[in-house]
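For reference, chains read A, B and C in written order, and residue numbers begin at 1 within each chain.
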Amino acid sequence: MADQYLNFATSGFGKTLTKQLGLPAPVTLRRYREGAALVPGAILVVGTSALAAEVGELLLAWGQEVRTHDAGNATLGAIVAVLDEVRAPGDLSAPALTMAPALRKLAPGGRVVTISRPASDDDAPALAAARQGVTGLLRSLAHELRGGATGNGIELADGIGLDAPSAQGALRFLLSGRSAYVDGQFIRVDGAGGALPADADRPLAGKVAVVTGAARGIGAAITRVLHRDGATVVAVDVPAAGDALAKVANEVGGTALQLDVTARDAGTKIIEHATGRHGALDIVIHNAGITRDKLLVNMDAAKWDSVMAVNLESQLRMNEAFLAAGLPGLRLVSLASTSGIAGNRGQTNYGASKAGVIGMVGASARAFGALGGGINAVAPGFIETEMTAKIPFGTRAAGRLILPSLQQGGLPLDVAEAISFLASDAAGGINGRTLRVCGQSLIGA
Amino acid sequence: MRETLSAKPRLGALYASAAPRALRRVREVSPDRLPRREAFVEGVRCRPEQLVAYQRLMGDTVRDELPSVLMHGLGFPLALWLLSRPDFPLPLLGLVHLRNEVRHLRPVRPDEVLSVSASAEELRAHHAGTTVTVRTRLFVGEEPVWEGLSLYLAKGVRLAGIEVPPAPRREPLVPPATTARWRLDASTGRRFAAVLGDYNPIHLSALSAKALGLKAPIAHGMYLAGRALAQCAPHGRGYAWEIEFATPVFLPGTVEVNRSSGPGGVVRFSGWNQRSLKPHFAGAVSRL
Amino acid sequence: MASSPSPRRAVIIGGNRLPFARANGAYVGASNQDMLTAALDGLVARFGLQGERLGAVAAGAVLKHSRDFNLSRESVLGTALDPSTPAYDVQMACATGLEAIGSLADKIKLGQIESGIGGGVDTISDAPIALSDGARAGMLALGRARSLKDRMAAVASLRPRDLAPSAPGTNEPRTGLSMGEHQALTTQRWGITREAQDELAAASHRNLAAAYDRGFFDDLLTPYRGLSKDNNLRADSTVDKLAKLKPAFGKHLGDEASMTAGNSTPLTDGASAVLLGSEAFAAEHSLPVLADFVDYELGAVDFVSGEEGLLMAPAYAVPRLLARNGLSLQDFDFYEIHEAFAGTVLSTLKAWEDPEFCSERLGLDAPLGSIDRSKLNVAGSSLAAGHPFAATGGRIVATLAKLLHEKGSGRGLISVCAAGGQGVVAILEAR
């Protein structure tokens, strides 16, 4: 699981050698620790709109050191560019050039966050051009950041202000160490629903969450993070993984439910267990997934069908049961993959299933939203797990080192952090979306 | 004639003294040749470690009660002393143990001091030779607590003037159900000898047994009786028991054992070889 | 006394066991403590008992190292349970698990505890090998020796043959006969045919395989060391295949020998645990209730004298249990009769049908009668699953409790025979 190269490249001798050989120089990412500062320095708020002022006030209220216009001598922990009022392409120039000198003061593990409005086909062409332009600016800037710093954006739908819990939730998530491996991405806030947690370190307090595929890898990490964030977790995995599952469940003080998610009654069993034993079902993480990689030319029905059955069809069937049960406020997060966005050689079955998840999430949003909940997906890029350990070495090394802006593979924890955020009430205004956790991998653009 | 010994004789010495005469062939004895002699010894005790070793060897519970076969062993040196007197007519080595009848009159504590009396009582004709009965009695003070008759056979020795009785017809053995099985290893004879001091060479090793014309060492008859009684004998009361030996148990070997209860509280036991279907022993225990 | 009503119920909440593994196979190297800990931890995970202080954990093993004198307590300390959960060891040969569970149920009914886990474990693959008696005596003497002379004497008392280790046997100490040899006598006594035994064995495999297929064990079992099913299970077992096996016990019976490796349980490694509680405990913890543990009864027979078969004690204990509970043998929806050997089950059933046995041995006016065989061991039993001695009781109780809960009503009878001529029988009722 450990990234040997990362350990090597960050050691004293390895660092010198890596530099001389011109190899990528990955750094240890700034990850969330309870009690740590939200960002590693002052926050520069760029922008002149009313929203920019509100953002500054909010950050002050969060106890942050806030600068406007000029960073001065301060080391910057983050730059927040509020671009909600760009009307034409020319409006991007001033904020971009204001940010430019500040970038030199950005601390390792720093953050650049843009807050803008999404472009729409109903916009005037110039407005749409300016709004869409933000994405290109941000994504390119993210590629330029070093030292584990990331650049991400928040797109607030028209009419959504900073008072929307998810606007604040997304901002806190992107600034914090929880978003360590999220890079070059936009979080779209469409609704004003949701609620901010009473305790930012326990955003899932009182929630009952089900995690499928919880015995190992990303699922185990999700289970641990949801527990850390305050949830009671039902850990689900196939009976054959029961021993590892029991360990995870005991570690987090949850319950283990041995269940094949492809079973007809899997959804009902999950509802029965969660409500019967824990009194509620608030969160479902559809994490269970398998790979059966083969070039399509060599593909057989067993490999194709089993991947579709586990990764996609089981989720569809369980979701029907959840909807039928009418569980109020149920939030779901499905595991997609960058392979479902950009495709991956040897993964036609897997790519189809994961692209399918993205489609399913979008099309299920309204139904779950009607119950006061929502459904989103997280698309991990290259994550160091037992499953990715099966990828041939050359592909793996390239996936891990060369392609992402962050020059390293992510950890299961990084995926789990994004999932925990999307599962929380603070993400109540985010629905039907897919968030990539890929270190800004070129795979899938 | 009572001959009181100052101390219990040592079995090893008796066997050694008998060895030279083992080569002496006796073909015939006269019925009246048996010396009228009662051997007597006082101050016989069972050592506590001997009691424990015996009970362990028999798979019995260690408890403060002298087992009947152990009491036989306490008296046996005196009996052997009798049989090894120069004027005893039958050769000691090679005597075959045929049967025992014992009345164990009351439970005997290990700390009770015993006196032993032994006498050879009768020579009788047997189809294979001549038998002698040895009566052994154990007393606590004047009170008899244990009385036993042991029947030994001197093979090939004729009793002068008495017709040899015909050999009884032996019915083929129809084995009863096996209720226990004893697996006896090669050291069984040595271990029994170590506890009771009965180092008769026929029990000790392949070599010593061969020297006396046996194909392998054989289990002590009293070992077999002890095993049977460990299972069948009552505790805390007097009882009578008997055992008859048919064919020897060669070591190492396996004995099939049956135990069954009859009317009047009689427990019968028997042992046999399952492969050859030869009976080894049969006996019974009854309450007194 | 007899008329005083039971103050409250003891309920079975659920169970967990490791897949049973044939000896010297998948679980080589795993100790009793390792396996019992794993079984307990799986149960804790299933019911979210982490950090919970239970009333007691009672478990045991038949083959036990001396270092495992506190096996249950040591296992508890290795689990996610609150370390202030007390634990005690139980040993009643193959009935260890059922006696452990029954004793906990009694404590719950009496109000002494609110919850408990009962179970057992056994491994043949990590069985204790002891010093021979001679070596032990010498070593102990050496330990007691105070002077050089005593020490020298103790060392001198050791003989080379003493150094050969002695492995524990499964032979009965008082008879020297193996359990199989004892059962062969009983099997012959009751005239149980080879065909009948093979049919029972095939049914056991068939039923266990079907139970696995329908996911019955999904919440009764936690995989261990790469095994997620009992590896003695032969789903394709048939009477024809079983008929080809050679007799393994009672060979002296010649043509009458009928007991084979196929209709006798193999030596097996495994562990099981059952969670019991008061109704209040289950309700407070939002835990399911599968069945009531109604009552149980111990029995023993005089097999040393040859008066009765070694494994026939349940035949005597069941009528006493039935009488106490005012039930007949036919008042049950499931019968779980531990398949030590196919012959054991069939001899017991035949004895209950036999007027002479029931009158003379059981003192009954009429025979107990026959049972509906379609209700017997419906999710398989020891012939298919295997029989890690002390773990079998927990397997049976959890299986029966779930069967009853699935059915939603009715009663089940458990019968477990044990070495030493003993047995434990129990009644469960659906919830």
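As a working rule, contacts are C-beta pairs under 8 Å (C-beta built on N, C-alpha and C of every residue); 3 or more make two chains touch, one makes a residue touch a chain.
No experiment lies behind these values; they were computed from the predicted model shown.
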Contact-connected components, subunit C excluded, all else fixed in place: A | B
Chain nearest the overall C-alpha centroid of the shown protein atoms: C
Whole-Å gap separating subunit A and subunit B, where each centre is the average of the chain's CA atoms: 91
Centroid distance [mean C-alpha coordinates] between subunit C and subunit B, Å: 44
Euclidean distance of C-alpha centroids - subunit A vs subunit C, Å: 51
Subunit B-facing residues of subunit C, complex: 133, 161, 173-177, 181, 185, 252, 303-307
Sites on subunit B touched by subunit C in the complex: 56, 59, 175, 177-183, 187, 231, 256-261, 267, 274
Subunit C-facing residues of subunit A, complex: 235, 239-243, 245-247, 249-250, 253-260, 263, 276-279
Interfacial residue positions of subunit C with respect to subunit A in the complex: 38, 41-42, 44-48, 50-51, 79-80, 215, 217-219, 221-225, 228, 286-288
